[in-house]
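In what comes next, chain A is part of two complexes: it sits with chain B in the first one and with chain C in the second one.
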Partner chain A sequence: MTELGPVLQALISGALIGAVYGLVAVGLNLIYGVVHVINFAHGEFLMLSMYIALLMNALMGTNPFFALPVAVPIVMLTGLLVQRYLINRTIDAPILIQSFVTFGLLLVMQNGVMLIFGPNYYSIRVTELEGVLEFGYVRVSVGLLTAAVLSVLTILGLHLFLTRTYVGTAIRAIGQNRFAAQMIGIPVKRLYELSFAISTGLAAVAGLVLTPLIWMHPTIGEIYILKAFIIVVLGGMGNVLGAFVGGIIIGITESVSALFLMPSLKEAVALIIFIIILLFRPRGLFGRAVRI
Partner chain B sequence: MKRSLVVAVVAVVIVAALAVAALTVLTPQRPRIEVVKIGVVYPLTGALAPIGQDQVNAIKLVFDEVNAKGGIKSLGGAKLEVVLGDTKGDPRVGADETERLITVEKVVLVMGAYQSAVTETASMVAERYGIPFVNPDSTSPLLTERGLKWFFRVTPHDGILVTGMLEFLKDLNERKGLNLQTLTVVYENTLFGQDTGRIIKENAAKYGFNVILDLQYPARSPDLTAEVEKIRAANADVVLFASYLTDAIQFTRKMKELNVRPKVVIANDAGHIHSDYLKAVGADSEYFFSREVFNPDLAAVKPAIREANEKFKAKYGKDMDGTIARAYTAALLVVDVLERAGSIDPESIRKALRETDWPEEKVPMPWRGIRFDEKGQNVLAGGLVVQLQEGVYRTVWPWNVATVDVKGVPFPGWQR
Partner chain C sequence: MRAERTVMLVLLAALVVVPPFLERYHQNVLVYVVLFSYLGVAWNILGGLTGLPSFGNAAFFGIGAYASGMLYATYRVSPWIGMWAGVALSAGLAALIGYLTFRFGIRGHFFILTTIAFAEILRNVVMNLELLGGARGLPIPLTSGDSLADLQFHTNRIAYYYIVLGLLIGGTLVYWKLKNSNIGLALMCIKEDEEKAATLGINTFRHKLIAFVLSAVMTSIAGTVYAHYVLYIEPTVVLGIPLSVQIALVAVVGGLGTTLGPVMGGFIVQSIMEYTRIFFSRLPGLDFFVAGILLIGIALLRPTGLFELIERLVPFKTSAK
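What follows is the complex of A and B.
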């Protein structure tokens, strides 16, 4: 037990945090798969929802989870406007130009929040989520478990939406072939806006579930976006389920390698695994599965 | 023959006249020194400006008081004048400003410059011109390893401060009859953390500790579960942290979650004493220790600190912190040095600095005094250890300046 305990703990903690990484990556992947734009500012939408939660907590003492019905729509609306007024205008531009747009957005959002809230670190204490569940040696915080469960449910919801609804199917159709979809009468630009809103909404959910677990800072998005990029490529570009599984793989790899090797190497190990997988599966783990 | 006698007489008369003239011109007592200019280089604009301004205020406070009481007596009541140089927090600007103060303003001594990188370049300029440089507050150990002749550092450097933690743990063992032996050292992977880690690993054995886990982690980690899991598995008596704010918060949360309970938790300053850290997890980190250079509660136990703080607060409306107190201390030292030098000749000022031997009670810092070694380091300066008790950091070590006794050792656990 003493030998197995730490390993089991690392596996479980890694999988739980990996589910949240996955949620961030799924949103990024959705935009790439449908709109074919790399949204460098994806992490900033996560950060935005954290600060909305902070504001609500400071003004009304709201628990970050109860901020969901407010923060998610606000962030989604922001995402929709970004798609309508920024991305749609550069949709036919070369990928470099599109990247400048989203990268510029990243800078504007980071510095905008820094201007309002300052470069200070904040954190919200949620006493309801501070409990710990014990399973022998393994201990899991209620906050992390809640975050992971909400992440999985959100991803499941997205999956059902994309596969079981008419609109979801139309979105997948655009992802497969934008011109064909347009020809059969799918309102492509409308659905681009919807997809972008959904994607940023996913980031907003991730931001809220992370709020009780971590500090917030205007640059926090960078931490998650870097992981999300790796996960997206690992899971297969444009594949929702792949991004989720990729998230869990990265989470577990990091926690297990930190346990057995030096923690400062954990990100390096995750990248090595990433390279090895790409050597054998150049299109990602689920690259051959049907694109959404 | 007669002619040459006349020439000789004339020559003697001329020489004698010249000698008299020379004596009357050169010896009348040396011109009275009216003002002694002291160069003060600090960041006065930019992000560090508030800190630099505080330090200048502390120095001016000391000098104004001396001037009001009749100036430097050994210099015939000469008044002290602060000549400011703004480093803008930039090593290059710091060097330029120091050069200006020395060559244009003719300052007799330079004080500054807060950041180690700026102090490094500024003191090199002073060295080149042979002007004494008194540094109140830069803690990079390398500054006094450069073989400079004119550089004097009043503050303890990071090496002294970090080994101070080991000294405290050893003292704690003896005083409380504990048997703390094993040590886990946890540090972030930038310069600050790596220096701490290196110094602890090099010195632990000297103080009777065995480092059983050497844990370097990436700074600003979003998740530290695996790190804390390693700390838990190693199960050392003492866990020592060198972390900035965000990691300090994450470590404390995770340690509580995984119920990791080392007998002693001690931090090397930084994140663990930040006010935002206390807001986020202060209630949980009760009985944590931290290394410090100064603590407001010291005023209660050391009269020199109380007196300095009262004067500063009366004038500027806020309590001193470690940086302000060190600038104040250095200014007192400069006054004393000029008084003893009795001259503004750089060499005699340097000699007076070298001969400094202040007793403990004279220093408004929790140090054993001020005495410089040949490298220019104050060897009597040292750090403090504070402990979080009922949400406030209280001084617990060195024992002679402790305001409360050490509590909660071994650490009683998280569920309180």
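What follows is the complex of A and C.
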């Protein structure tokens, strides 16, 4: 039984952080599923919301969670403008050129923040979230639990929006066939903008729930974008719920492999899984990737 | 044809004759400019000619740097020999990635992501290997004086410049020969339409593999030279994603699939980035901020590259494009 404790602990904390990874990946996947563009800058929107929270904390002492109503709209507006002025203009360009736009955006946002805030590490302490809950062998920090619950609720909200509302259905229709959607009168470009705004908004939420847990720095987006790619491939490109499950799988894989291998190799393990899935199950673990 | 040759020879003569008279930090910039031009030419074999953009060429650069760096640091093996160890390893890795991606039909976005993933795995592994210096990096022991065998020039730094210039000239010739050969035609055919190329009887798998391995091997050699120029190998620099993007940027700014485009791209991108770094050294990150703007700008405004503009001015018709 003594051996079981750490494993159980790794499973639980892996699943919890995995829910946050899932939230990041769901946003990336939404854009791939609808606009058919890989947004390499997705992690930078997460980083942007962290720095908005930092700024608000420094100026007014705001708790990162209360920064939500400010940071999320700002990030969403940025996302909308990016879609309107950058992505829409290269929508029919070759993949390499499209990738250049989002990769360029990654460099501009990452280094822009570096120029303004410097390369230092910052953290925001939230005393309310520093407690630890104990369930037998397993200890769970309140902050991580809150982050996971908020991530799950956000993903649930997105799922309901995409499946139960008129606009959500239209967005899924574009994902299935852009030309047919256009033909029946769906304003494709406008819904591209909305999708991009929603996607970046999800990244912003993920950034804010992570803020009390980690040290932020300008290149933090890269860490999450790589994980998000792995998760998206695991769960199936364009599959929202698949991305969520993929997130939890990757979270658990990382924490368990950190237990048995060198902790610093956990990212390599996740990347190897990524390549294997890509080769043998290119549509993801859950099959049909065309639907969102 | 004659005008083109004259222009080229004049430019080449300028590249050979002028640098020794420049100040030392301009020479340093030129080394990077020429090195990245060469890297762009190598990238262009796969990304431009064959239409398979790799965002993971840092993997091969890093292998070239670490293979010869480690052999020199521990066994004092001359970099001229260590270079071939890097070449062999890079060729092996490229063959492996190529085999997997082409065999399983990975294309488009997924090809880009796979190349990134392999480079990142390599970075993660290297940063955990004490043998290679881990996350701290690998210093290369200094020789007391200049030594061609050890590829170290402390007083005559300009020697490095001529080595990379030799690489660039050689690389460009390889690219030009390849492009005008049957293999090059097949590669361009694959780029246009792979199914049709296969229908014509082209062994697409083998041709793509040749392009990948050649591109990787050329990149690896640059890694070796870089390691013995900088004399310190940092895993996040030589195996990082920014390096891979920078290599692709050089090629695309110049022009995908053009012979001299990456050379022009290297001169534009690298001199902008290096001088930004020198003049605004108090603003870390400004160089890549500028690179990001270049990336977006070139993608939106001139996705076919800048070399076209020159072709319109000078009556370059044949070999240049």
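Just so we're on the same page, the second predicted complex is superposed on the first by the 279 of 292 C-alpha atoms of A that agree within 3 Å, B and C clash if a C-alpha of one lies under 4 Å from a C-alpha of the other, contacts with A are read in each partner's own complex, and residues count from 1 in each chain.
Methods note: a contact is a pair of C-beta atoms (placed from the backbone, for glycine too) under 8 Å apart; a residue touches a chain by one contact, two chains touch by 3 or more.
Small disclaimer: the values here were computed from a predicted structure and weren't measured.
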{"item": "First (chain B), second (chain C), both or neither touched by A:G112", "value": "second"}
{"item": "Which superposed partner A:W215 touches (first chain B, second chain C, both, neither)", "value": "first"}
{"item": "Partner chain in contact with A:L96 - chain B first, chain C second, else both or neither", "value": "second"}
{"item": "Touching partner for A:L160 - first (chain B), second (chain C), both, neither", "value": "neither"}
{"item": "Partner chain(s) touched by A:M262 [first = chain B, second = chain C, both, neither]", "value": "both"}
{"item": "Greater chain A contact set [chain C / chain B]", "value": "C"}
{"item": "Which superposed partner A:N120 touches (first chain B, second chain C, both, neither)", "value": "first"}
{"item": "First (chain B), second (chain C), both or neither touched by A:A180", "value": "neither"}
{"item": "Partner chain in contact with A:L133 - chain B first, chain C second, else both or neither", "value": "neither"}
{"item": "Those residues of chain A which chain B touches in one complex and chain C touches in the other", "value": "262, 264, 267"}
{"item": "Residues of chain B defined as touching chain A within the complex", "value": "189, 215-218, 220, 222-223, 225-227, 229-230, 232-233, 245-246, 249-250, 253, 256-259, 276, 279-280"}
{"item": "Partner chain A, residues of chain C touching it in the complex", "value": "47, 53, 55, 100, 104, 106, 108-110, 112-114, 116-118, 120-121, 124-125, 127-128, 241-242, 245, 248-249, 252, 256, 283-286, 288-289, 291-300, 303"}
{"item": "Footprint of chain C on chain A - complex, ascending", "value": "32, 38, 86, 89-90, 93-101, 103-112, 114-115, 119, 218, 222, 226, 229-230, 233, 262, 264-265, 267-268, 271-272, 274-275, 278-280, 282"}
{"item": "Touching residues on chain A, where the partner in the complex is chain B", "value": "6, 9-10, 13-14, 17, 120-123, 125, 130, 132, 139, 141, 144, 210, 213-215, 217, 223-224, 251, 254-259, 262-264, 266-267"}
